[in-house]
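Look for chain A in each of the two complexes below; its partner is chain B in the first and chain C in the second.
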Partner chain A sequence: MPRRQFLLLLLPAALFFSAFFLLPMARLFFIGASGESGWLAYLAIVTDANYFRALWTTLAVAAVTTVLTLAISSIAGVFLERHRFPGRAALVAAMTLPLAFPGVVVGFMVIMLAGRQGIIGEVFTMFGGERPIFAYSLAGLCMGYVYFSIPRTILTIMAAAEKLDPRLEEAARSFGATPWQVVRDVILPGLRPALISAGAICFATAVGAFGTAFTLATRIEVLPMVIYTEFTMSANIAMAAALSFSLGAVAWLALAVARSASGSTVAAAG
Partner chain B sequence: MQHGRFLYGLQFAFTIAVCAFLVVPVVMSILAGLTVNYFVGLESGLTLRWVLEVWDGYRDTLFLSLGLALACLVLTLLLGVPLAYLLARSRGRLARAIEELLMLPVAVPGLATALGLIVAYGGLAGFRTSAAFILVGHVLFTLPFMVRSVLAVLSVIDLPTLEEGAASLGAGFAQRFRDIVLPNCRNGILAGALMVVTLSMGEFNMTWLLHTPFTKTLPVGLADAYASLRLEIGSAYTLIFFLLITPLLLALQALARPRRTVFAERDPSAENDS
Partner chain C sequence: MMQAVPIYLENCAKTFTDGTRALEPVDLAIAAGETLVLLGPSGCGKTTTLRLIAGLEQPDAGGRVLFGGEDVTALPIEKRNVGMVFQSYALFPNMTVAENIAYGLRLRRQSAAEQRARVGEMLALMRIERLADRSIDQLSGGQRQRVALARALAVRPRALLLDEPLTALDAKLRDTLRFEIDSLLRELGITAIYVTHDQAEAMALGDRIVVMDHGRIAQVGAPRDIYQRPASRYVAEFIGTMNRLSGHAEGEVFRCPGGYVVWPELPATAREILFRPEDTRIAAEGEAASLRGTVSAAFFCGDHVRLFVDVGEERPLVLETPARREYRHGETVALAVERHGLMVL
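This part shows the complex of A and B:
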């Protein structure tokens, strides 16, 4: 592409991005060091036991969320893309409806599922069991993030499944491959770029979001909640800034690793 | 194909179960918003009282969120589609770096982006108190979704060959962009638009810090309601949100119904709707 065209296409986005993201972030970076511990604030996430524990909790929740979301969405997404049956369109519409739900609403949905009046509890007591209330725990938060991520992941998987070449699967079948072998050796490699990019977004969202935790509140010590508390309750904007950068760095690293993995596959394939 | 039918049934049941997981709490919350007293149950009767109460108190948040989402869509289309094309065409180191950079507002917690905007522009009172302040945050956050969604579609087609073919027939850049690039990434643009509008409508992480008492968006109002008002009002507010978002989503989904590749095992006569 000619250099002039390249710059012309790049310019609007570049200007917007520099003014409203790079510049503010640079300022925030220096503010992070303006607290009483100076630049050491940037190490607090590993040196301070409380922050460190919150970091591990956050990462664990995000990892579990990502694995569950990808597994669930791949099965449902490929199925919905491949088969036509009465009511399919309504089913897809229903499953992508929660795409529009903010984290706060998702938190409310978790309360509807697993809260004190939740349907899961109702079902359990109907069969004579204990009423499980896990909406306000890490399990509830995880459930919320899975709920949040399934619709958009299914859309990505469906779009990718549409582009898969059905002839490859037929070829595999005609050579005697079992359904499981077709999934493992043909469909999954074909979906790999979509899985990696959807998974990376899912992970980053679970790490940085706080709407759901904000609604479920009380005992959930994930980093975004810690940052919010530092900023509002303690008015410690320096520590909030430093922690945000640490958290952002972790999430960015996950995304970068995921992208270089998917990038190399794309290159190898084509 | 006994085995095939069994697998089909299994996947179908699984998909239905996932759908139930997503839809059941929505139905419950709708009912809660229309029930006189949710803790008593539906026996207490149905009412629109809570919905009207929310409409009176919070309808401004609805209009603000709608306006923001549309403005956000226009901006991400203008900024994002050319950028996605650029990234699809030049897979060099610079393109990778740009893609990396662009993802940062998603990777960095929304709280941090909001803090950054506040420390950088909080002093400009006219800007700080306007809805544009929130819009800027929303565009930063949604832009990568538009770009990636378009890019995902563009990178599986052989764009250079298609464009070269068109160029050899005398098509200029603008014509190639309009007649080859845009139709090919139609699904990507629609999926991206769906994401941008819905993400903007629902954005809370940044908006919670960026909003002022005069620029409350819908999710901010919802968080208020969940925290301080009774369950029925929170549910009624959520119901209004559902009413707003559902037609929008259905319309976008209808638009996004793509031309299909015909699979060999499928009945071709079922495909003539495209």
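This part shows the complex of A and C:
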């Protein structure tokens, strides 16, 4: 490709990247250092106990969400890909519906399920049990995030499951592999690229999710909430900027580590 | 040597859940150590038969599959100890060549030393020692199929089941591997069932061939029997090329648009007679030329010419003739048919 044409075609991506990512991020980076504590604001996320706890909570919730989402999506995705039954299309459509919901709505649904008037509570009291309320706990937050993340992962996993060669499973079975060994040796390795990419998106989304946290995290400090509070309540714009930047960096780092730890993402070869 | 078992299919039919009948009730006896080829076009039931033997499908009620004296009908493939080789190789992409071959041994909880020894044996048997540590995506198609064979044989299966193992390979490699598989099966003396749609492959490899048609067995027999004494027109036309003349019998003479053929055993009711290209030749000079036609195509094949001669039939007659003489399109030729090759079906 001639050099001029190359540069010309690169232009849209470069413009987009500069306008919506590079310039705002650079600005944010410098705003972060514009407060009283200067560049030290960037260290606050590890030196300030409250911020540090919020960081850990955020990462832990995101990690648990990712694991749960991948587990549910893998089982459901492979099952839905392999079985044809009446209502299957409707079920797939319904499972991907939350894509269109704002996080606040997802949070509201968790409250309806596990809140003070929630359905789970109703069922428990009906059988004379105690009314469990976990909508506002870490469990409720995870539940909301999982609900939010499943549509994003299940389609990726279904697409990957479709490409799995059924002969590979038959070959494994011919050597006496049990169903669990088939999952371990054939299905999971075959789904691995999809699991890594879907898991990465799931993790990043959970780290940054705001709407659900806004509705549910009344007693839990997660970073997006902390940033919101710093920004609106305390008008501590520099701290909010520093935390935002750190949040982005930490999420990016976690993903980079996950990717390199899981090795190459080469798709399954025939 | 491997432990060779005979395999019996008794009254095995297969109807899929959507109601499609893939296989009509079939009885089949496969001798210990025999190589049996299931041959037919796609949809004839050959793969279904193989999958019934493998335990990947269950026969309809009333059908039985026996390995030696043992009824394995209810056993899934995991419990049958059969080796499988697929057209798509089905090698585990997340494992190296050696790990693939060791897979079955690992599931059998053999010690690392035992596994290593057996993998070494198998690599040597298939002459792929230098590939041991390669990953699967670094292998060519022929190498992959060798690995697949080594993997299937490593566990000393009771039977080796091959589902179109050469179909994905190019012609030259197919010839080489066909030869290798043939000597391998003979050397090992393992009971082998080989599915193919390629009649040349079937003829070369099979001790016996089962020709299948629409879920039924059309004929079972040694390659030579099937070729020389086909039981039906379907078999005759599926295996090799068959020339056909249509007309009627007048005593010992069969009259057709292109002339006549003399055949002492000619049935009086014959409406068509069949013969192979190798029993058809250009009439020698001075010989009574009973059939005449015009050359519609001549393909030069180096050592011979494949000639298509229009004798007024639906399809031209095919014959092979020495390449010494040149044939031109539209040229009139006189043909003779060897009597011993004539048949009616």
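Following the convention adopted for this analysis, the second predicted complex is superposed on the first by the 249 of 270 C-alpha atoms of A that agree within 3 Å, B and C clash if a C-alpha of one lies under 4 Å from a C-alpha of the other, contacts with A are read in each partner's own complex, and residues count from 1 in each chain.
The criterion applied here is as follows: a residue touches a chain if its C-beta (ideal position, glycine included) is under 8 Å from a C-beta of that chain, and two chains touch if they have at least 3 such contacts.
Please read these numbers as outputs of a predicted model, since none were measured by experiment.
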Superpose on chain A as described above, then tell me if chain B and chain C fit or clash.
fit
Touching A:Phe17, do we find chain B (first), chain C (second), both, or neither?
first
With the two structures laid over each other on chain A, which partner does A:Ile75 touch: chain B (first), chain C (second), both, or neither?
first
Looking at the overlay, what does A:Ile150 touch: chain B (first), chain C (second), both, or neither?
first
Taking the superposition as given, does A:Glu170 touch the first partner, chain B, the second, chain C, both, or neither?
both
So, does A:Ser37 touch the first partner chain B, the second partner chain C, both, or neither?
neither
Have a look at where A:Val186 lands relative to chain B and chain C in the superposition and call it first, second, both or neither.
second
Is it chain B or chain C that touches the larger share of residues in chain A?
B
Quote the smallest CA-to-CA distance from chain B to chain C in the superposed model, rounded to whole Å.
6
So which bits of chain A does chain B touch that chain C touches too?
170, 266
Taking the complex as given, what residues does chain B use to touch chain A?
3-4, 7-8, 11-12, 14-16, 18-19, 21-26, 28-29, 32, 38-39, 78-80, 82-83, 85-86, 89-90, 96, 98-113, 115-117, 119-121, 136, 139-140, 143, 148, 152-153, 155-156, 173, 187-188, 191, 194-195, 198, 201-205, 208-209, 218-219, 222-223, 226, 234-235, 238, 241, 245-246, 248-250, 253, 257-258, 260-261, 263-266, 270
Spell out the part of chain A that touches chain B in their complex, as residue ranges.
1, 5-6, 9-10, 12-13, 16-17, 20-21, 23-25, 27-28, 31, 72, 75-76, 79-80, 82-85, 89, 91-105, 107-110, 112-113, 117, 119, 147, 150-152, 155-156, 159-160, 162-163, 166, 170, 179, 193-194, 197, 201, 204-205, 207-211, 214-215, 223-224, 227-228, 231, 237, 240-241, 244-245, 247-248, 251-252, 255-256, 259, 263, 266
Which residues of chain C touch chain A in the complex?
54, 56, 76-84, 86, 88-94, 103-104, 107-108, 135-137, 151-152, 155, 157
Going by the contact rule set out above, which residues of chain A touch chain C in the complex?
165, 167-168, 170-178, 181, 185-186, 189-190, 192, 266, 268-270
